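Chain naming follows the written order as A, B, C and D, and within any one chain the residues start at number 1.
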Amino acid sequence: MATTKMTATIIHQEPIGTGVFSMLVEAKAIAEQAKPGQFVNLYSKDGSRLLPRPISLCEIDKEAGTLRMVYRVAGKGTEEFSQMHAGDKIEILGPLGNGFAMKDGKAILIGGGIGIPPMLQLAKELSKNGVEVQVVLGYRDETFLDEEFAPFGKVYYASEDGNHGVKGTVMDAIREYGITGDIIYTCGPTPMLRAIQTYALEQGIEAQLSLEEKMACGIGACLACVCKSKEKDHHTNVNNKRICKDGPVFLAGEVEF
Amino acid sequence: MATTKMTATIIHQEPIGTGVFSMLVEAKAIAEQAKPGQFVNLYSKDGSRLLPRPISLCEIDKEAGTLRMVYRVAGKGTEEFSQMHAGDKIEILGPLGNGFAMKDGKAILIGGGIGIPPMLQLAKELSKNGVEVQVVLGYRDETFLDEEFAPFGKVYYASEDGNHGVKGTVMDAIREYGITGDIIYTCGPTPMLRAIQTYALEQGIEAQLSLEEKMACGIGACLACVCKSKEKDHHTNVNNKRICKDGPVFLAGEVEF
Amino acid sequence: MNTAVTIAGVTWKNPVTVASGTFGSGAEYSELVDLNQLGAVTTKGVANIPWQGNPTPRIAETYGGMINAVGLQNPGIDVFAKRDIPFLKQYDTNIIVNVCGKSTADYVEVVERLGDEPVDMLEINVSCPNVKEGGIAFGQDPKALFEITKAVKAVAKQPIIMKLSPNVTDITEMAKAAEAAGADALSLINTLTGMKIDVHRRTFAVANKTGGLSGPAIKPVAVRMVYQVAHAVQVPIIGMGGIATGEDAIEFIMAGATAVSVGTATFHDPMTPVKVAQGIEEYMKRYGVEDINELRGCV
Amino acid sequence: MNTAVTIAGVTWKNPVTVASGTFGSGAEYSELVDLNQLGAVTTKGVANIPWQGNPTPRIAETYGGMINAVGLQNPGIDVFAKRDIPFLKQYDTNIIVNVCGKSTADYVEVVERLGDEPVDMLEINVSCPNVKEGGIAFGQDPKALFEITKAVKAVAKQPIIMKLSPNVTDITEMAKAAEAAGADALSLINTLTGMKIDVHRRTFAVANKTGGLSGPAIKPVAVRMVYQVAHAVQVPIIGMGGIATGEDAIEFIMAGATAVSVGTATFHDPMTPVKVAQGIEEYMKRYGVEDINELRGCV
């Protein structure tokens, strides 16, 4: 699983929600290696912004050699990316992180907000593997990307304003709809991940949580993006795991965050 | 003579020599006010480069509301400008500086290297005023912009490699061709300006020298770009004149540089 | 919504002024910026007699900032008082005169001379890294800072702001010395001593060899020092160092500054000081902040 | 064309290493960069026992730079010696181990422990601003720096590089103290203490409140300090602070550094250390420099 730094070409970009953009790039060497739950580093062209922006992979097309990233504009770096057009070049490093470990069990995919995009490629691959996929998507208000999940499984909604599905959180939706399964794969805001962690540990089912933290190198060298681990970590020799390298996907039972 | 900060639109840009570019922008408010020998500040879009690049005005079209800048790529800022295309926007402040004081006497316009561009608008306006214009252009090797002077007066050359006109400096050309006149207008590298200053003072003819120095504000506030003045300067109350505000054009007799 | 702040008894309509040396005495920028929209105008440093300043080049761009070694060129207090103060009095803003000198006597002379002038505050520059004879010598030794502050305060009729150098091991020690000597307010940070070498010409980018580093590049150092000083002394702080936006100003205010100065960013866009004042208002509207004073030191 | 330099008797094939803490022990970057192309690899700081480091967030981007407060998380000398040194020994480069501690005894223990390991040089980190108990306390007081240097030198089998903090009034005083105590080389600068406040969340951007500012933003401060130190001491200097290009490296060498470290820029482009080494060669070719050592201190 070689990591590659390369110049990618933007094939298409469009807004798919308020401040949410979908960028498709050609990056063959990375696409060939990538799997669901991994991410890439995108680099700003502006000299005042030196650190990469880690962005999750929403879709991976190994044949076309393309990657799709769906991201929210959260600052000047992502704002810069959002203004790029087809044909523009962008520096990219990837694939990064471990990605989800795809299992055979009946799957509950839970995405919250900008944690939703990585669930799409996962849904696609699990479905292709013949796994039964259920998708729970949590939004504040406006939805995005949700329609694209339909081909791969049943989609449930939760929204803070109640306009889409259950009014409340993804956990409310799981309870409301009585969703059950053998394994949870999830990505989203920390409070949501904590609730799912608690739920999974209580229920005794496996949950793979994709965590987030401020990162610098993206490859496990700088130790910026750690989370606490229950056991002493093999690499760090302390109770810290590197989110960018050992994660971003961890089992509910192995991390504290 | 109001100074305006505005967003200009690039109408055309092309290389006209090795590392020398000609940029035409629409900047009506500035064009209306500008005169030969003045300059503008162009601002980089990259956050790592905060200081403006002062660029001389090569042509001013008040009717069309356009400005032409001919500049050499000397660093990352000018390199950035050189990569802009028609339709791109650029922040611009101007017109700045005093410009040349156009007189009636038989004129010798002397431009050296990237000091040549501001002489073009001057040649045009003097010629239009009915003044006899002689142009002396000094190059290292490759020429640029020289053909555009032809309509406004007789053009003489000096070049370091001798491939164009006299082998040597503009002063060599003046002596070689026996060029005489009532007034010298000049812009170019410091050694050239010093030679012309000496010559003009010896000959007792007026010489207007356009000086250069590292600048910050461009409007006379920061006192970065001073030159020594023979007399105590009225504004600074010391023997320093502000090149960006009191200049860039000074009489040969008033400055030491 | 209140944006007014009071520093040492002087009320500013908003917490924004300009950093000394970046704005002259306001005349040049007044063609581009409405000085009435600033809480105060801080002038370039003025000494008892005219100063020639350093040789050129005096400035160089650096990554996200610049270094300058202008060397406090100034026309001297007489011309300044006759010309620049009346000019600034035309505007509805406070006048802060930055005072520089090479000896205690120099500072005292200028401060005394300004006592009867219609200026609102005096900022004492004991931290310019570009003038050998004085300034910085006072700014890097707490005892010297205490003495100069005391000497200036003894003759001052206006509130005294001591401008601190960041080129010290412990900025709080300096702040405490100035406060103990009676300083009415502190401004920080002055520039960090820096150097740039032109590798193509094999020479220093500014003639003075070293210069003062300023601009957004140094903002984190400035915010840290403002925070430290705000926790070490009671006197109000005017924060500066790389402010280019309203949010930058809010950052300094949250760190503990009562007001802020905009400096280097003005060279990038002459409208910056006014845009910063507007940006502060936008921030307050967005987050429903009724009074800018609520945000001070809130982290 | 010669790019080799010798520091305290150790010859590097080129004057480029990496700044401690930005490169781990090289394993992760070795997938992207050929470590054989570096004059040396400088490891992340290692202590006598494993350190947990600081809470997250540990880093924040700043204008033209970043602040970090990782807090010297490390696996301890035992794991390091067993795993990381053998890994690095596979490459044709020098190994510089950065040593951190909370007390003199800690430093001495690690230095002694490394005495029989196949590493080429030791860099003593007495300037990390992010760990309260130790480090920086040694780095801001010349007497403490003298003592720790002496203690380390007494047991060291490899050349000792003392890494200096820029957060001092007079860096030359620190450099002289380290030299007087027997330091074989100096590396500078460590990070400037900085702070960033997230104005939207009204909280500090890094959990530790303050962090170390690094990146191109601080290069002028670093160049100035290298220049000052090069004129104050005889021992060789490894210069660092914002180096991102070959020309940046040349700037430090002209200021007086014998070698350079690439740090933050590696986060922007993993190839940076190698590109800097290549850029030095390009510069030498362009200007016909036969030996990199000719450029040292040439301004």
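Quick note on the criterion: contacts are C-beta pairs under 8 Å (C-beta built on N, C-alpha and C of every residue); 3 or more make two chains touch, one makes a residue touch a chain.
Note that the structure is a prediction, hence the values are computed from the model and not measured.
Counting steps between touching chains, the shortest path from chain A to chain D takes 1. Across the assembly, the mean Cα position most removed from that of chain B is the one of A.
Just to note, of B-D and B-C, the chains joined by more C-beta pairs in contact are B-C. Here the CA centre of chain A is 56 Å from the CA centre of chain B. Separating the CA-averaged centres of chain B and chain D is a span of 46 Å.
If each chain is reduced to the centroid of its CA atoms, chain B and chain C end up 35 Å from each other. Rounded to a whole number, the gap between the C-alpha centres of chain C and chain D is 34 angstrom. Residue positions 63-65, 216 of chain C each touch two or more of the other chains.
The residues of chain A that reach two or more other chains are 47-49, listed in rising order. With chains as nodes and touching pairs as edges, the resulting graph is complete, every pair of chains being joined.
Note for the complex: chain A touches chain C at residues 47-48. Those residues of chain C that touch chain B in the complex are listed here as 21-24, 28-29, 31-32, 44, 50-53, 56-61, 63-66, 68, 70, 73, 75-76, 79, 215-216, 264-271. Per the touch definition, chain C reaches chain A in the complex via residues 63-64, 216.
Partner chain B is touched in their complex by these residues of chain A: 45-49.
Remark: chain A residues 2-3, 5, 43, 47-52, 91, 93, 213-217, 219-227, 235-240, 245 touch chain D in the complex.
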